[in-house]
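Each of the two complexes below includes chain A, the first together with chain B, the second together with chain C.
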Partner chain A sequence: MMNAAGAGSPQHGVDVRPVSKHSEKSEAYVPGQPDMWAFVLFESFLFTGYFLVYMVCRTQSPELFLRSQAELDLRIGTFNTLVLLTSSWTMARCVKAAREGSFPSASTNAFLTMLFGFVFLVSKVSEWAQEIRKGFGFSSNEFFSFYYFLTAIHFLHLLIGFVVLGVVVHQLSSPARRSQELIETGATYWHTIDFLWVIIFSLLYVMR
Partner chain B sequence: MIGSVAEPEPEARAGSLLRRIVWHWCHDPKRELWFAWWMMVVFYNLYGLLFFVVARVQPPPDPGWDVPTVVQWFTDHHLGVLSGFAIIFLVTGFIVPTNALLAYSMRRMSVSRAFAYSYLIIYSLAAVPGMLLTCIALTVGSIRPDRDPALIHWLYDFAFMAFDGTMGVFLIGSLVWMAAVLLDENRVFPKWFGYLNLCNALTEVVVAPAWIFKRGAFAWDGEIAWWINMVVFVIYTIVFISLLRRMIEREDFGTGPLPNLPTDDADAEARDPSGSMAMAR
Partner chain C sequence: MSAGFGKRLLVVWLALCAITIVSLIVGSLEGRAAHVPNAAITSSAIGIALVKVRIIFREFMEVRHAPVSLCRLTDAWVLLTAVSLLGVYFLGMAFRMDAG
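Up next is the complex of A and B:
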């Protein structure tokens, strides 16, 4: 996904930035590759478009949306959100540990992030299975079309997130790599997934 | 070592437009690249003009229409479809230099040639379901209005489902380009373009529900399956055409990192070695 050549020292592709350097240029500092922030911005615009379409459709059939929303299990949605927020917390701990040069701890936190991501995936698939067993499929009604669409496109982002976490773990696994910029780039992607889920959760499960 | 792009010969910048074109045609070492780039620009402009203005088949019509409405639609669009797609059939060949240039950009990268070749094959095949099948089906429907209306309706569904429902090929193509850009060490494209490829690839997935829905946001004319996708596609196309132009300008026919273009300031200083520019600053 992300190669070391685009980051850090041009000679070795490794950017082991000491903490003091961060504080020196803290005002101008952007975590990770600025290119990834362009991705975050673009994805935010894209999802804003999806959310706006959802809101417009919702205003056209408020009763149908409310009735269908009641079929979702708020406890599962809350559990999903907590799991993903925890994964973001472990990812933040991974970045912090890497900045301090504590690479074993950073690796542990990266693996924990993967674990929480995996729990989210399993929980989401079991929720889909539960809704399908209840007779609510992708084309059952407009609300469930949006429910499956938004959760599935987010699911796809999460799957790509595992590739990104793989790059982070690969960076942390050898002293010859350990590009702080790539680790932070991976974290930026992961937090974006989390940020998008919080909005999806609010729209599908909470908003009445 | 990263150098700078060599200054063009004085003849390249002097004289009338015709004289400059002739010079470039005879002497410019990048003429094949520029030829491919201009073919790309002409093709995408014609594509937009012919589909949206002449044939008026985009934005797509309603997928939920009944048979008489569809037959009427073919009657109303008879002339536009025939004249627009006649030109499309003529200019389809422009895709060849276009794809060649895209593959060239990957050959110029530090990555394996497998990226360029797989992209070339995918995008050469993608024109068939992504464009030609639609054009053929709509042309047949327009040119044979005396056929059974049920068959005309079938051609209508076939044309628009082929156009919107086969984006999987483009999805894989975008992912190949993304991987190549992110792995490249020759700085042919900025990394953000790699991530933009990912955005584009993910929007190709979103079109898939068009196979299922006849109305709403996910139908082939829906806000999500068509409108948002089209906005992303237009932005993506403008970006990659601009970046390819910049790549050609930077091309030094070497094998290492692509040199940067000289900045305006450096250019001015090169023309004014006495240092008066520096004084002015």
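Up next is the complex of A and C:
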């Protein structure tokens, strides 16, 4: 955690700094490592590029995209969105708990985040299997190419997210580690997976 | 975790879930199987998604406590994504190659 006044923060080792209500409200700081924010912004612009290419192709063949989109189950997409939002909530709770020195609560929330991430993973794989059983594969048509590409690249980010969560759990497991900065950095990555999915959901399942 | 922060996160999570249910309702409007483009549903879907993204940035990712430059950068990305997606949608629908 870095504050705007430029006060240094330990990069390694124990970095337990309970944050008072006053400092939450009055001091500006970048949560986690600034490098992670650079990565988040890079990924955000990269995905915006993917979304724009999808939108261009969609507007050129709206009937095909709408017919194919109707093969997806909007309720499954909604369920997946709710699950990832819940995982983000527990991750945010983990950060707050760790900042306040409540490490058992932080660990519990980190494990809950993993659990919800796993539920999303299983749901996504079963949705892919369902679509493939119905005869809609990657090369079935343009919509399904985008569907598999966007959901698979997001899935890859989710898998990396489990490694990141593993680092967070490892940090929380011993008083000798517990770097608040690393925990916040992991949380920033996990929330990125969440907000990218929110846009993917609206483009693949909801829009017309 | 202090009760104040915990309660705020709970309210944010409930709001995000409620907005997602609105998306479900919007996506189910006008018969999903009708296969007809609908600018109002598309604008609502993209608008709702980007409102959710901004809430995630500000509340879960704690951007509201971040230096103003990070707040502006994330807001700029949200705005750019909204304008570019909707712009491409409306321009693309107006100048469809297969529409003759």
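One rule holds in what follows: the second predicted complex is superposed on the first by the 189 of 208 C-alpha atoms of A that agree within 3 Å, B and C clash if a C-alpha of one lies under 4 Å from a C-alpha of the other, contacts with A are read in each partner's own complex, and residues count from 1 in each chain.
To be clear about the criterion, a residue touches a chain if its C-beta (ideal position, glycine included) is under 8 Å from a C-beta of that chain, and two chains touch if they have at least 3 such contacts.
These numbers were taken from a predicted model, which means no experiment stands behind them.
> Does the chain A-based superposition show chain B and chain C clashing or fitting?
Result for chain B and chain C: fit.
> A:S44 contacts which: chain B (first), chain C (second), both, neither?
second
> Roughly what angle, nearest 10 degrees, sits at the C-alpha centre of chain A between those of chain B and chain C?
110
> Of the partners chain B and chain C, which touch A:L82 in the superposed model: first, second, both, neither?
A:L82: touches chain C, not chain B.
> Classify the contacts of A:Q33 with the two partner chains as first (chain B alone), second (chain C alone), both, or neither.
In the superposed model, A:Q33 contacts chain B only, not chain C.
> With the two complexes superposed on chain A, say which partner A:F195 touches: chain B (first), chain C (second), both, or neither.
Only chain C; A:F195 stays clear of chain B.
> State whether A:V122 touches chain B only (first), chain C only (second), both chains, or neither.
Neither partner.
> Going by the contact rule set out at the top, does A:Q60 touch chain B (first), chain C (second), both, or neither?
A:Q60 contacts chain C only, not chain B.
> Specify the partner with more touching residues on chain A, choosing between chain B and chain C.
Counting contacted residues of chain A, the larger count belongs to C.
> With the two complexes overlaid on chain A, what is the closest approach of chain B to chain C, counting only CA atoms, in Å?
Chain B and chain C, overlaid via chain A, are at closest 15 Å apart by C-alpha.
> Do any residues of chain A touch both chain B and chain C, and if so, which are they?
56
> Under the definition above, what is the set of chain B residues touching chain A in their complex?
Residue list for chain B touching chain A: 110, 179, 182-185, 190-192, 194-196, 198-199, 202-203, 205-206, 209, 212-213, 216-218, 223-224, 228, 231-232.
> Show me the residue ranges of chain A that touch chain B in the complex, using the header's touch definition.
Residue positions touching the partner: 1-3, 5-6, 33-36, 38-39, 42-43, 46, 49-50, 53, 56-57, 138-139, 142, 145-146, 149, 153, 156-157, 160.
> Enumerate the contact residues on chain C facing chain A in the complex.
1-2, 4-6, 9-10, 12-13, 16-17, 20-21, 23-24, 26-28, 30, 32-33, 35-38, 41-42, 45-46, 48-50, 52-53, 56-57, 59-63, 65-68, 70, 73, 77, 80-81, 84-85, 88-89, 91-93, 96-98
> What residues on chain A touch chain C, complex-wise?
4, 21, 24, 27-31, 37, 41, 44-45, 48, 51-52, 55-56, 58-63, 66-67, 70, 74-75, 78, 81-82, 85-86, 88-89, 91-93, 95-97, 100, 102, 105, 184, 187-188, 191, 194-195, 198-199, 201-203, 205-208
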